[in-house]
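Two complexes come next, and they have one chain in common, subunit A, joined by subunit B in the first and subunit C in the second.
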Partner chain A sequence: MTQVSWPMFLMYCYFTAFVFIAGIYCILATRRLIRIMIGLELLTKGVTLLLIAVGYLMNNTGLTQALVITLIVIEVVVIATMGGIVLSVYRVHNSLESKYLRKLKW
Partner chain B sequence: MPSLVILVPLIALLILNLPLGEVMRKASFWVALGFFIFQTVLLFCHHFRCICGSERFINSFFGMDVSVDHLSFMVMFLVNIVALTSLLVARHAIKDSDARFNFINLIVIASAGMNGVTVAKDIFSLYVFLEVTAVALFIAIALQREPRALEGAFKYILLSSIATVMMLTSIAVLFFAAGDTSFASLKSALQVSGKSPVLLAAIGVFICGLFIKGGLVPFHGWLPDAYSAAPAPVSVLLAGIVTKVSGIYTLMRLVAAVFGFKAAVCDVLLFGGTLSILVGAFAALGQKDFKRMLAYSSISQVGYIIVGLGTGTALGIAGAIFHFFNHAIFKTLLFVNAAAVEESTGLRNMNKMGGLSSRMPVTGATSVMALLSNAGIPPLAGFWSKVIIIIALWVSGRYAYAVIAILAAVVTLAYLLIMQRKVFFGNIRPELDGTKEAGPGYVIASVVLAAITVGAGIFFPYVFDHVIIPARSALLP
Partner chain C sequence: MLNTGLLIILSLAALWTVMTRSLIKSTIGLAFTSIVLTIIMFRLNSPLAAVFELSVCTGLITVIFVSTISLASPLTPKEVELLSAARLKRFWYLPVILVLVGVGLLFVKVPLDFPLPHNPAGHDVRTVLWNERVLDLFGQVIILLAGAFGVAVLFKERKKK
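Moving on to the complex of A and B:
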């Protein structure tokens, strides 16, 4: 395995943290369903990058590859399901604003 | 056996989707019914050690680390019982045959996922099976595309995904500490460097993720919405077993097998559990919607399980496992009753009902049993498990928690009696005069579940010695 220089790796870590924070901000700041989905996707991508970093540090890239590929497959399934639900919401309300999803209260 | 429990549902799924056209759609209910009964029989066969020796051959297909013990056996039995109930409810409650066929497929996928959760011995395969279960339920909640159900499904999917992200972050940190993802190596790594704050934070994040999945109080926002908005059979499945397997069972297993009963972990569990007991019980008092009230009651009862686990003593864990068993049975029964009432009257608002007991005798009678078990009235099963948990709290010196648990049990009785009085007791309302029992599926399901909850209460010593104590030995070697 080729070694990456330390500043390069640090930059990778900063980027991972940036993706993660961007995802959290995206979910908190927006009121649109599609953007919430994008935020979740960013969060999951951040975690994927974190797992890769851990695998690199542990020198165990084989196991990490298996984990990351499984993670990506499952994440696609979850996001596709969520997309289907958002699409149905759009068909019902003709809008993607999350304010329509506030009917359930006691 | 361990890999069979994942393989068998997948084979059933293949059989269900054989290209036979309309024939299979009509027969799908019976195929699924046969499959779940077969799976239950298979479990008992394994339990009595008479399965044939093909295990190694089948295991060679899976590169996973799986194993089955008494606790997994008990949980898989509950999965099958609740799935059978949900299937019987679906036969009446989902009218459209296409939607019913889709739901039956989803229930089989969810049962594969839950079986996987119960046998996984590797933190990453655990995550995979949790997601399989969750995705099947996301689709099932939104199955009929009603606006309310879509809202519940969206909230569930959002919070569940956030829980997943939290768990994966924690998995990455634990993986960094251990170099592997199996429970055994994680545990030894945590024993070596268990005091490190980073690892403690990772454990905390993981527990928070599981609290979201199990709907415990600071993170319970999605649960009443998803339970009350879902179609009747889906809420039976979701409330009866899915949140319990994906949140509570996983928490039990991980605390025992990986995190260990550290003081910090136990404090978090005790505090979260007690908060859930209180908030769930008081929120349930004010509900009008039948299913929403049951959802809050579910939060409160799950709190008892977590508190029992949080004592960290042998007695408390036995109580937690027993309450897990009881709660799965009687909460499923109450949701079946709610589904039957909704089916035959079309109502969910409890203020508009009254006196249904005279028109729906089986539903009324079984709901009284579930209520008494839920509220902890002797000699029903719920009494024993609650008493064990409270005694464990008292013996381990957590007097304040024990007192809160006792007082909350009184509130439990209060809100359940309010429900019973509004819905089933009293004189029949004139506009509900023509109401009948909703159908044979509901009657069979509620009678069987009521029989289990009464039987487990009366034969408590036998059940405790032969089911709960062996199951506990899986957590406390």
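Moving on to the complex of A and C:
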């Protein structure tokens, strides 16, 4: 990789920041549990993009691909488990709003 | 140039995913974001991770979202009306924030004169995964088993008394 790649990497960083902000905003601005899952998914998309860009810049895509594969496996397990929890909340409260989770406080 | 276009499409897809009202449309937007990310990963010389992203994130996770949404009953028209009004108030800030962050980032000067580490070998992903990151593989197996157990417990229908 030559020095020319740095501006390109910065561009990837900027767009990663956009996707990350969209994900965080999605989590913060809603009370719907499925939207929170979608926001979390967007956050991991940003992380994936940044990892792949770093691997390309450093000419070490092997390591970053291995990390991304691990990230994807963890992501799918987290989303599947969250889906189950959301359904459990729905069955108990008949709603997908996160405000009912306040009852979990002791 | 093509990469820039793909990144812009990725950001717009992410924005649409967050802003759209329907959960199903939001899920479709998320799948589209994954597809664009897959193309970017292919172009950045990461084909194996791209295949994982395409099959797992675009396929499996979309299926999980759609099944979760379909198992919950839809909202009544009155609830939809109330939520739509509240949503508009909450979410119109996001495009403004993104534009402000974009303008702010244009003025940030990042020093680009430090050298990159020399890495001529460029190990293959299979070599890295099977020889250098074996612990990651064990962790993945454990997490998958834990996830399968969790899904089996959480998605199970309760016995009605």
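One rule holds for everything that comes next: the second predicted complex is superposed on the first by the 91 of 106 C-alpha atoms of A that agree within 3 Å, B and C clash if a C-alpha of one lies under 4 Å from a C-alpha of the other, contacts with A are read in each partner's own complex, and residues count from 1 in each chain.
One rule holds in what follows: a residue touches a chain if its C-beta (ideal position, glycine included) is under 8 Å from a C-beta of that chain, and two chains touch if they have at least 3 such contacts.
Because the structure is a prediction, the values reported are computed rather than measured.
In the superposition on chain A, contact of A:L40 is made with subunit B only, not with subunit C. Comparing subunit B with subunit C, the partner in contact with more residues of subunit A is C. Contacts of A:H93 after superposition: subunit B is touched, whereas subunit C is not reached. Once the two complexes are overlaid on the shared chain, A:L57 sits against subunit B and subunit C alike. Contacts of A:Y25 after superposition: subunit C is touched, whereas subunit B is not reached. Of the two partner chains placed by the overlay, subunit B and subunit C both lie in contact with A:T70. In the superposed pair of complexes, A:T81 makes contact with subunit B and with subunit C alike. Judged by the touch definition given at the top, the superposed model places A:Y14 against subunit C, while subunit B stays out of reach.
Residues 55, 57-58, 60, 63, 67, 70, 74, 77-78, 81, 84-86, 88, 91 of subunit A lie in contact with subunit B in one complex and with subunit C in the other.
The touching residues of subunit C, when paired with subunit A in their complex, are 3-4, 7-8, 10-11, 14-15, 17-18, 23, 26-27, 30, 33-34, 37, 40-41, 44-46, 48-49, 52-53, 56-57, 60-61, 64-65, 67-69, 71-72, 87, 90-91, 93-94, 97-98, 101-102, 105, 110, 112, 116-117, 119-120, 122-125, 127-129, 132-133, 136, 139-140, 143-144, 146-147, 150-151, 153-155, 158. The residues of subunit A lying in touch with subunit C in their complex are 1, 3, 5-8, 10-12, 14-15, 17-19, 21-23, 25-26, 29-30, 32, 34-35, 37-39, 41-42, 45, 48-49, 52-53, 55-70, 72-81, 83-88, 90-91, 96. Within the complex formed with subunit A, the subunit B residues making contact are 124, 128, 131, 134-135, 138-139, 142, 145, 147-148, 150-155, 157-158, 161-162, 164-165, 168-169, 171-173, 175-176, 179-181, 224-225, 228-229, 283, 286-289, 292. Those residues of subunit A lying in contact with subunit B across their complex are 27, 33, 36, 40, 43-44, 47, 50-51, 54-55, 57-58, 60, 63, 67, 70-71, 74, 77-78, 81-82, 84-86, 88-89, 91-93, 100-104, 106.
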